[in-house]
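One chain, chain A, links the two complexes that follow: it is found with chain B in the first and with chain C in the second.
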Partner chain A sequence: MLIFIIRRLVSGVTVLVALCCVTFFLLYYSGSNIAQNILGEFATSDQIAAKEHELGLDQPLIVRMLNWFGGALHGDLGTSWFTNEPVTQSLLSRLPVTLALIVTATIGIAILASGFGIAAAVKRGGVDRLLQTGAVVGQAIPEFVFAIILVTVFAIGLGWFPATSSIAPGAGGAAWIASLALPVIALVINGLTSTAQQIRSAVIGELERDYVRTLRSRGTPEPVILFKHVMRSAAPAGLTVLSLHFIGMLGGVVIIEQIFALPGMGALAVQSTTLGDTPLVMGVVVYTVVIVIIVNLLVDLANGWLNPKVRVS
Partner chain B sequence: MSQETAFEVEAPAPDQVSRTHVVKRVLRNPLGLTALIILAVLLVVAVCAQWIAPFDANHADIAKTLAGPDATNILGTDSAGRDTFSRLVLATQTTLLAALLCAAVAIALGLPSGLIAGYYSGWFDSVAGWIVNMFMAVPGIILLLTIRAAFGPSVWISMIAFGILISPGYFRLTRTAVQSVRNELYVDAARVSGLSDARIISRHIFAVVRAPIIIQTAIVCGIAISIQSGLEFLGLGDPAVATWGVMVSEGFTNVYLAPMLLVWPVAAIGITIGALVLLGNAIRDALEDREKVPRSKAVPTIALASTNRVVIPADSDEEHLLAVENLAVGYPQRGGAIKRVVNDVSFTVDRGEVLGIVGESGSGKSQTAFSILGLLPAEARILGGSIEFDGQYTVAPGETTVSQSRLAKLRGKRISYIPQEPMSNLDPAYRIGSQLVAPMVRTLGISKAEARRRALQLLRDVGITDPERTFRAYPHEVSGGMAQRVLIAGAISCEPDLIIADEPTTALDVTVQADVLDLLRDLQKRLGVGVILVTHNFGVVADLCDRVIVMQQGRIVEGGELREVLHYTEEPYTKRLLGSMLVGKEPMTMLTVPEGGEGS
Partner chain C sequence: MKFRPLAAGIAVLTAATVALAGCAGGGGAATGGTTAGKTLTLGSLSNVTSFDPAQAHLGHLMPTYQAAYDTLILREPDGTLAPMLATKWEYNDDQTQLTLDLRDDVTFTDGAKFDAAAAKANLDHFKSANGPDANEAKSIKDVQVVDDDTVRVDLTEADPAMLYYLSQAAGFMGSPKALGTEAIKTDPVGSGPYVLDKAASVNGSQFTFTKNPKYWNKDLQKYDKVVVKILPDVTARLNAIVSGQVDAVLLDPKTAPKAEQAGLTQTKWTNDWSGLLLFDRDGKIVPALKDVKVRQAINYAFDRKTMLKEVMGGEGEVTSQVFGKSNDAYIPALDDAYPYDPAKAKQLLSEAGYPDGFSMNVPLLPGTESIMAVVKQQLADVGITIKLSSVPQTSYVSDIIAGKFPLAWFQIFQGEPWVAIRQMITTDAAYNPFHTTSDELQADIDAVQTGGDKAGELAKKVNQYVTDNAWFAPWFRVNQQYFTNAKKVKVEVQIQQAVPNLYNYSPAS
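On to the complex of A and B.
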């Protein structure tokens, strides 16, 4: 098991390094007149040259990349070119908002999708048809469109929620909940039906397995079969879908945070890429990929615990 | 599988008939047809956009901003005074073209690499797999933001980039499909007959991945439209090019002043992606339908004319442990017909007696067994007859389903079951011990410790030398023969009166078969239980049974004392079953019926 974890971590770090290189490479080509942008259009060419030297823009790509990696190894992701704020600091101030959003949405999806998925698998009929229809609607409408509809109807139209929330660091719990409610609902609606469908087919697949019939022949009550045996074998499929949604939402919040004016990492991503703020963009990429690696590792561990066969190999 | 049967397997070659079949099914599905019509209309609009749109996309009438619908601007104008209808039409062209570009890039990358990785495996597979994992590890939109920063706000560049990012979907799909057929017999046969790899890939393997690719493309186009609109909504699109996303962004800015500006592009996005999703679903359903039909082929078709009803010699007044009378089981088909799989079957079993039910696959023998256990699939219907266990009806005359409430009291306690395939009949997630202990604690009401003691004794009884180790093991850690012993231990654990064994030795090695049969005989003698042994193998019957019934196409063709049937049968079908055993070189594998069709 330990070897398994180490292997996953090594592969995760390799992916991280590779992605950092690719991103750095891409940003190198975008950052042609960064100094000009920072100093404004009336800066003299001497000032620009001085700024470029200060930021290390006059150095070749490989040197800049190595410098960045050297800093990153010591936990120093540099400072933003535009705000001069340390990258780690601005990311850490944004991370709670984004994580609160995604984690809450994931929990919501997990609970509701399991309920609907299991009900559809066991009862079929009406619940099943509802889910099938819901899945088409859920897939057909992008989450930002859901978010727009929610904002338009519940915040602007009915005024139940703040349309654009600003989460101040000192704001109370109620303000947090009120600001996160609509964006979380938008994310949940988007992921709910497809997850429920996956859980449904995983449960149906397990219910058709031979051992379920044998359990029935031993007089095992249906609830025990469903919750002790079937759910345990179907859970890895559900967890995998959830982890994919979690990763998808890391991207999805970029738009959601914009719509609800939430000061999260997604908003930072848009802002930094638009400006070409290389240290900040690199920071966003590093944090995102690290979160993805952690989530995948957790799912692998959970699946190993659920499935003894994986544990052995 | 023997050499002969290998050539009996027909290659599911891509024949024209089945392809048109799928198209027909999609067209007959109302949702599929609607989706196709919507997509066709969109396509026409996209192709003829330049002629349909009355204005240029960026033609602005500054004097007439955010205007409502009138004769000139039938859907009004936006904040720059541009005609909404024209923009919507022209945006259809750009948006769809961008989505197709994305799908084309993804297919161009994913399909060939998936084919190569799946067909040849090796280093290419490892490298490609690693790259795919890297792509899947990062949310696409973050990379798209970076790419936009590098290359500017072009919708084409971002869609090419997204095509690359989404190509792992095609790669995985193709690779899995190819791997699943690469070692199929017909591909082997093609290879043996000297077809080049290129021919095999284009003829056989491409046929397998074609349908999933079409479905995937419908989904990918939907995702591309969604991502593209999302980026543009953020204001990261090219404002000079009219797309739905740019229009949503513009509409959202003016949502208080002119909400309809938001409604049109949002509706266009929703309808388009919805049509793509529906089309994908319709194709998937059509394919699944096609696969379902031949599966029920093994089921004997509608009732054969009742000729000779065989009456089993039994004293009708006597109490039997189990009495099955005139049992008929069927499955409703599409269109109202009912396929009978068991017809007019009657027999009895007493305590201490072993009854063999013999027949080929599809003879209805397993269906009969599952009717007694009440474990028929949910769609099955009892069409007539009754089943009585120890004087109590589990299927009373006139009932159409097996009473689950009555059987719940019997199953596992008085009637138990030994399945055919040992490995798949244990829950892989739990240790063998807990799977033996749980039913005993529940059924016998004994403590866990007592159940554990009994379970270990049972494992010893079924001939397992190290019961402690097996008790602690997971199912995948023991052999097939061992697993079957565990299942037999489970079947006798709650001291049943009747054991139903469904081909208990078929899945085992020949040497283990004899051991398991010995075990069954010993246990039956010692416990004095009634046993129904379902098998296709007359050798097993001759070994164990007191009486035997022979089934063919859902009916009993012959029945009686084992000795009489073996020596004096006049029934040609029985003779054939017997003949195949005596003449063949290997008594244990006498019928050439391939396994797997069983249970219908």
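On to the complex of A and C.
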């Protein structure tokens, strides 16, 4: 088990370093006018040269990259060029919003999708057909469309929710719930049907296995078969699709956070990338990759715990 | 029976929605309550790069900086300059020494006293800190402390906009103890009416300011709390004002009708001009542009009225001059200097030796495709072919001011006469990349520079010259469409500024 974890961590770090290098390259070759953008349209060429020197933009790529990696190894991700705030501080002020959004949505998807998926697998018939249709509709309509509909109807039309975030540090729980409700619903609607579909298939697959027949022939009650045996074997499929959703949502929130003006990582990623704010973009990449690695590791561990076969292999 | 789990599911969903809605109602009521306790919430397009006063930038960011910092001079809504931290000012005869009397009863929020030494420290810092508006201090040679509450600014040459600059970025005064530190970049230390509440702010999303209890001028401090929400996306700004989350925002022709439908109050004023800058007046890239007749032909080629209606939804005023209406250099007749006349344009082109027209390369800024398509078609109608090359947003300004194109579209702020002249007409102006001039024009510019109180009036000659010689092809002055929730806030327009000064807002009741 330990070797398994270590192996996963080593490959995770490799991915992290590789991604950082690629991002740095891309930023280097795309952001040619950073000093001009910081100083605005009235800046003279002397001013721009001075600013570039101040930010180290006049140094060659390799020096800048080594400087950044040197800092990052000591936990110093630098200071944003466009807000002058330390990158770590910017990320820490925004991470809770994004994580709250994604974790709540994932839990929502897990609960509802299990319910629908199991119901569809056990009952089949109408519930199943509804789920099948829902899965197509849910996947066909992107989450930002749901988000815009929700804002228009519930925030602007009915005025039940704030149209843009009212989250600020020190804002109470009510502000958080009010601000996150609609984005969470948008994310849940989008992820719900496909996850339920996966769970349904896995449960059906298990129900048709020989051991279920054996259990039934021994007179084991149906609920015990379903929740103790079938669910345990079907869970890895559901977990995997949930983890994919979780990781997918890290990207999806970029648009959701823009629509709801939520002060999260996605909005930060958009702002910093358009401006070419290298330190901040690199910070966002590091944090996101780390989250993805951790989630994948946790899912693998959970699968191992649920299903001994995975541990052996 | 078969549907039971589904029904249960729906019940759970409904319950969850109702529960969440209940919470939202509570939250909403709480927000409403604090707003009634005199909170001003503004939606802003731009985030603050640094709260170091030397990094301040005019336009959209003015109210945010004004919360934390006072300027030496106050610019009234109509542009009149009035006392603020400086109570009196006077120039010497040749306008190269400006003496300012300062208040002696002002302290910064860290306890440091505002005096002549503090003013000098700020102006010196502004000149050396390489901020976005550092050019405002270009003509400052030296700053002398005359006595505790008198400071003298020595200039390298007369600068008719210096007093204006001291009401803008150059005039913001920060605590001398905090200037140049890392901390002031994210935590302002000024003498302004409000203090940043860092714990209730998220950089890039929201700045919350609370009342400065020791503020010296209670007349300018009309709120207990000022919140600035950073909303770069226009749809988010529309949603925020319609749902009552902000009290005032700037919208655009597309979003304005929806805000009007929602019963919000619109205030309009013109702030920018939109049109072409015909940079290559010496014909370095496109020889044809050297001929004034060709540049005039370009001006006659545009059907400004139709363009305004079709592209801007009618939100603006047609013009052929670059100086704004609230400006002493403005000449009403020049608004119609180049009426739509394609026949005359063709005739001028053939007189200039281009009966079959010519072609040139023009930059295309993403988002301006529709207006540039009109430009292309209107110029093609008189025989001029343009090839549009797409330039990314982040390089547009730097490319056009580097002289990479013979002409370019832009929307430019219509400032005070000398500000506008220095921005696009003098040989060192950013928007004069080929440094074109003439003896006649230079003499007119010099007259403005040393004109003192008459500078604005004298700038009329510069305006007449650049319009007659078709230095530009302006189309219209663009309306700022500013929306407020009249139940909560009253606002007064600030001329020549993207959004009103912070002092121009007051509670409705």
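Annotations
Just so it is clear, the second predicted complex is superposed on the first by the 312 of 313 C-alpha atoms of A that agree within 3 Å, B and C clash if a C-alpha of one lies under 4 Å from a C-alpha of the other, contacts with A are read in each partner's own complex, and residues count from 1 in each chain.
Everything below uses one rule, namely that a residue touches a chain if its C-beta (ideal position, glycine included) is under 8 Å from a C-beta of that chain, and two chains touch if they have at least 3 such contacts.
Being a predicted model, the structure only gives us computed values, none of them experimental.
In the superposition on chain A, A:306 contacts chain B only, with no contact to chain C. By the touch criterion defined above, A:217 lies against chain B but remains apart from chain C after alignment on the C-alpha atoms of chain A.
In the superposed pair of complexes, A:29 makes contact with chain B only, with no contact to chain C. Using the contact criterion defined above for the overlaid structures, shared-chain residue A:139 touches chain B, although it does not reach chain C. By the touch criterion defined above, A:251 reaches chain B but does not reach chain C.
When the two structures are aligned on the shared chain, A:294 is found in touch with neither chain B nor chain C. Once chain A of one complex is fitted onto chain A of the other, the partner contacts of A:21 are absent, as it touches neither chain B nor chain C. Once the two complexes are overlaid on the shared chain, A:273 sits against chain B while remaining clear of chain C.
Residue contacts after overlaying the shared chain place A:5 against neither chain B nor chain C. When the two complexes are superposed on chain A, the residues of chain A that touch both chain B and chain C are 156, 258-259, 274, 276. Residues of chain C that touch chain A in their complex: 2-3, 5-6, 8-9, 12-13, 17, 20-21, 23-28, 30-31, 47-50, 52, 57, 130-135, 185-186, 199-206, 208, 229, 231-233, 235-236, 239-240, 242-245, 393-395, 397-398, 401, 423, 430. In the complex of the two chains, the chain A residues touching chain B come out as 11-12, 15, 18-19, 23, 26-27, 29-30, 136-137, 139-142, 144-145, 148-149, 152, 156, 209-211, 213-221, 229, 232-233, 247-248, 250-252, 254-255, 258-259, 269-270, 273-274, 276, 281, 284-285, 288-289, 292-293, 296, 306-309, 312. Interface of chain B with chain A (complex): residues 130, 133-134, 136-143, 145-151, 219, 222, 225-226, 229-230, 233-234, 236, 248, 252, 255-256, 259, 262, 266, 269-271, 273-274, 277-278, 281, 373, 375, 408, 411-413, 415-417, 419, 421, 424-430, 438-439, 442-443, 474, 476-477, 487, 490, 494. Residue ranges of chain A in contact with chain C, taken from their complex: 31-33, 36-44, 47, 50-51, 54, 82-85, 90, 93-94, 112, 115-116, 118-119, 123, 125-127, 130, 151, 155-156, 159-166, 168-172, 174-175, 177-178, 181, 185, 258-259, 261, 263, 267-268, 271, 274-276.
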